[in-house]
Amino acid sequence: MMAIQIKPEEAVLKIKDHDSLMIGGFLGAGVPLVMIDQIVEKNLKDLTVISVGAGYRGGGVDIGKLVLNHQIKKYITSHVGTDPNLIKQIVAEEVALDLSPMGTFIERVRAAGAGLGGVVTPVGLGTEVEEMADKIVIDGRDYLLFKPIKADVAIIKAARCDRMGNLEYHGIANTNPIMATAADIVIAEVEEIVEVGEIKNEAVGTAGIFVDYYVQGYSFEERKAIYEDLWIAGNKI
Amino acid sequence: MMAIQIKPEEAVLKIKDHDSLMIGGFLGAGVPLVMIDQIVEKNLKDLTVISVGAGYRGGGVDIGKLVLNHQIKKYITSHVGTDPNLIKQIVAEEVALDLSPMGTFIERVRAAGAGLGGVVTPVGLGTEVEEMADKIVIDGRDYLLFKPIKADVAIIKAARCDRMGNLEYHGIANTNPIMATAADIVIAEVEEIVEVGEIKNEAVGTAGIFVDYYVQGYSFEERKAIYEDLWIAGNKI
Amino acid sequence: MGRERIAKRIAKEFKDGMVVNLGIGIPTLSANYIPEGMKVILQTENGGLMFGAAPKRGATNPDWTNAGTEPITIMPGGAVFDLATSFSMIRGGHIDMTVVGALEVDQEGSVASWKIPGKLLTGMGGAMDLLYGCKRVVIAMTHIDKHGESKIRHKCSLPLTGLKVVDTIITDKAVFDVVENGLKLIEIDEDSSLDEIIRLTEGNIVNLDDWKLST
Amino acid sequence: MGRERIAKRIAKEFKDGMVVNLGIGIPTLSANYIPEGMKVILQTENGGLMFGAAPKRGATNPDWTNAGTEPITIMPGGAVFDLATSFSMIRGGHIDMTVVGALEVDQEGSVASWKIPGKLLTGMGGAMDLLYGCKRVVIAMTHIDKHGESKIRHKCSLPLTGLKVVDTIITDKAVFDVVENGLKLIEIDEDSSLDEIIRLTEGNIVNLDDWKLST
């Protein structure tokens, strides 16, 4: 079915308590900020969040808001070091943690979207990661076999979207194009919605056939202001 | 090391008799035509060709020239139906055939380039393909496990290349970006060589770090003329 | 000849917004019969979405081709991508329907299309991925072979392309759905008859009650 | 403090045209010491190649960030890509060198950096992929911890990030290569001495004959 535009407050109704929820982005960058705020407002509970890392450094920003609001029961990721609140909830066993190395994590998401049965990787051999996977031998060499990771809903972030749901990414797209393939329902938050034909065939990073709903997020200038404030506060610029 | 520009007749010297050679493209489309002609001229022997399919329909064009010149000892592919000469050589056991389904084939090439130990796919279960792979069970479901496919040399085709070897593809890139990752030596044939900065960051389809050598191929207009002639001859247009 | 007839009948399976991969031959022909105003998103497995009619001489683009290396156009809203992305799309269940030809289909929904031992040797190409990965698999073929034998079999005799993967069979004479224990007759072509269908179909038809005459 | 000293020493490992991934902290600092005229291609694992200096206020781009979500610039000739592509690049052996910090390294080239049971819980992030996949692994860290204990151990006591993966260790006091049966001393910092290095290095130094004084 064709992707359709809805309001963020309608889009959030597609997510239910106890859902597994992929959130695109990378440790705060390239994250669907408006949709996350909606999830906070809607106070969805017991979510299994699937994200390559936690939210922006220090916590309380983007995904960190879901943490502060105690909406997460399980976190499937490769890194939580940026959010001390999340670490506290993990230590207190309020949130279950499911870790894999970053390259393995994203390959597991890709496998789910690509109809593959697993990921065969040497990364993590000889470490505790061996306990997180099965070991298999191919041509006399050891590998770890991981299962795919899929989700009920993915909320992702792109720069532009056309009326068919085709997404164009600007800059570093990080996990967004991969997560777009691996969830039953895909909601894309974009800076700008344009007419069909304005995004060149070659510039389509996620084809519209993967997208169910698209919502208007912050404009590029608004996002720039949000991140500059964070960076100024953190003495980064 | 930085990619460097060389002449096609120098580039072909990087390929040796008995090498495994990936050839980008798809059944004649998006193929490195100039480099293939060089390989014919150099009369390289006993090549293991790795290509998603055979050459342009009817044979004798692009990869089909290597067939006519009896330069191939093994063909790793998913489809040879377009080249009757190749089929004859396979039937005569002059050329060994190593088949896998198309999606599995390209995923095996990707695995080699991506440092993965294998490909786990359900495609081909219940068919003769089961004999081409190992069977594994994950969560009670059967899958086939295929090994990665890598090559000594890959010759690929892109539209534009900058002086750092960054490649931009126009239209359907097919196997070219994947093969660029899976060979010890990568030679890119391009229509146009431009200065660094002319290819937008987002438009880089293969980063220059994957490319060892780039050569000037036919221009877009020349390629268009070549394919229009083929299509007119075949009553396609 | 039944080619156009089959193609027209295939087109009745299209729905607005559907993502479809059409095999070469008759299935590709069916694109000519997409109803006016309906948007069907055609995928080509070499790496494109939303392709349109063949271009005219002089207006071709050597980088816009279909899986048969024929020139195509790509429409506004279309996308191009590499082959790994294309087959991830196919295998990952993101294509709503594929329509492909076959040498044989059987009552269990298995299909043979890629190999005749000692005779036809082409390789399976993308067919197995399509049969496995697409949400709905429609086989389009002539009902009988050139020797008059039914191509709808109890069990395929040729090497399989896919095991128990077919949802619907469209021939020049009838339409069947593959159901629990065999085939359900859905439609009979107006130039055929129930008697003929029963006579020319080797596979078990388990439901003969719900068919209609196609127009 | 030795941070700048270590960063400067790391920079001596750079070669023209090299593709390098620098870990956060001291390794990232070393980019400031890339010799004039030398082109080192920096990769950031979140998905970029050829990043340059941090931008000024007002000139940042929220879509151009490093793995620490700090603003970066991307230079002409750079490329951006998704995370699967980035880690394929890393794991597939397409990065010439990575320089990362560590809590401990041992004489077998194993390294611990991601976990202190009961204390530090962050997840391994991309560290394991980098250690496994990059052609050359350089560990950059202070020679001793805050208790004065050697961070170069016979055997790592903390959970490993990588088993037998390290090629070179750069500290504020010395440089070692990991060789067959232990560590080969390559360089001693001018403010240190052979005696001190021997005293402060728990891991086996098997070759003490080929070192030079760093300047």
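Letters are used for the chains, namely A, B, C and D, taken in the order the chains are written, and counting of residues starts over at 1 for each.
In this section, contacts are C-beta pairs under 8 Å (C-beta built on N, C-alpha and C of every residue); 3 or more make two chains touch, one makes a residue touch a chain.
Just so it is clear, the structure is predicted and the values come from calculations on it, not from any experiment.
Undergrad: Is the number of contacting C-beta pairs greater for A-C or for B-C?
TA: By number of C-beta pairs in contact, B-C is the larger.
Undergrad: So how far apart, in whole Å, are subunit A and subunit B when each is placed at the average of its C-alpha atoms?
TA: It comes to 33 Å between the two C-alpha centres.
Undergrad: In angstrom, rounded to a whole number, how far apart do the mean CA points of subunit A and subunit C lie?
TA: Between these chains, centre-to-centre, one finds 36 Å.
Undergrad: Any idea how many Å lie between the Cα centroids of subunit B and subunit C?
TA: 28
Undergrad: How many angstrom lie between the centres of subunit C and subunit D, each centre taken as the mean Cα position?
TA: 55
Undergrad: Give the residues of subunit A that touch two or more other chains, as numbers and ranges in rising order.
TA: 107, 110, 114-116, 121-123, 169-171, 201-202
Undergrad: Among the residues of subunit C, which are close enough to touch at least two other chains?
TA: Within subunit C, residues 48, 74, 80-81, 87-88, 90-91, 132-133 contact more than one other chain.
Undergrad: Okay, what are all the chain pairs that touch?
TA: Final set of chain pairs in contact is A-B, A-C, A-D, B-C, B-D.
Undergrad: If you look only at subunit B, which of its residues touch subunit D in the complex?
TA: My answer: residues 1-2, 110, 112-116, 162-164, 166, 181, 196-197, 201-202, 204, 207-210.
Undergrad: Which positions of subunit D touch subunit A when the two form their complex?
TA: Listed in rising order, the residues of subunit D that touch subunit A are 44-48, 54-58, 60-65, 67-71, 74, 80-84, 87-88, 90-91, 110, 115, 121-129, 132-133, 159-164.
Undergrad: Hey, which residues of subunit C end up touching subunit A in the complex?
TA: 16-17, 19, 39, 41, 48-49, 74, 76-81, 87-94, 132-133
Undergrad: Which residues of subunit B touch subunit A once you look at their complex with the stated criterion?
TA: Checking each residue of subunit B against subunit A gives 107, 111, 114-123, 136, 138-139, 141, 143, 145, 147, 169-171, 201-203.
Undergrad: With touch defined as at the start, can you tell me which subunit A residues reach subunit D in the complex?
TA: For this pair, the touching residues of subunit A are 26-30, 52-53, 56-57, 77-82, 87, 90-91, 97, 99, 101-104, 106-107, 109-110, 121-129, 159, 169-178, 205, 220, 223-224, 226-228, 231-232, 236-237.
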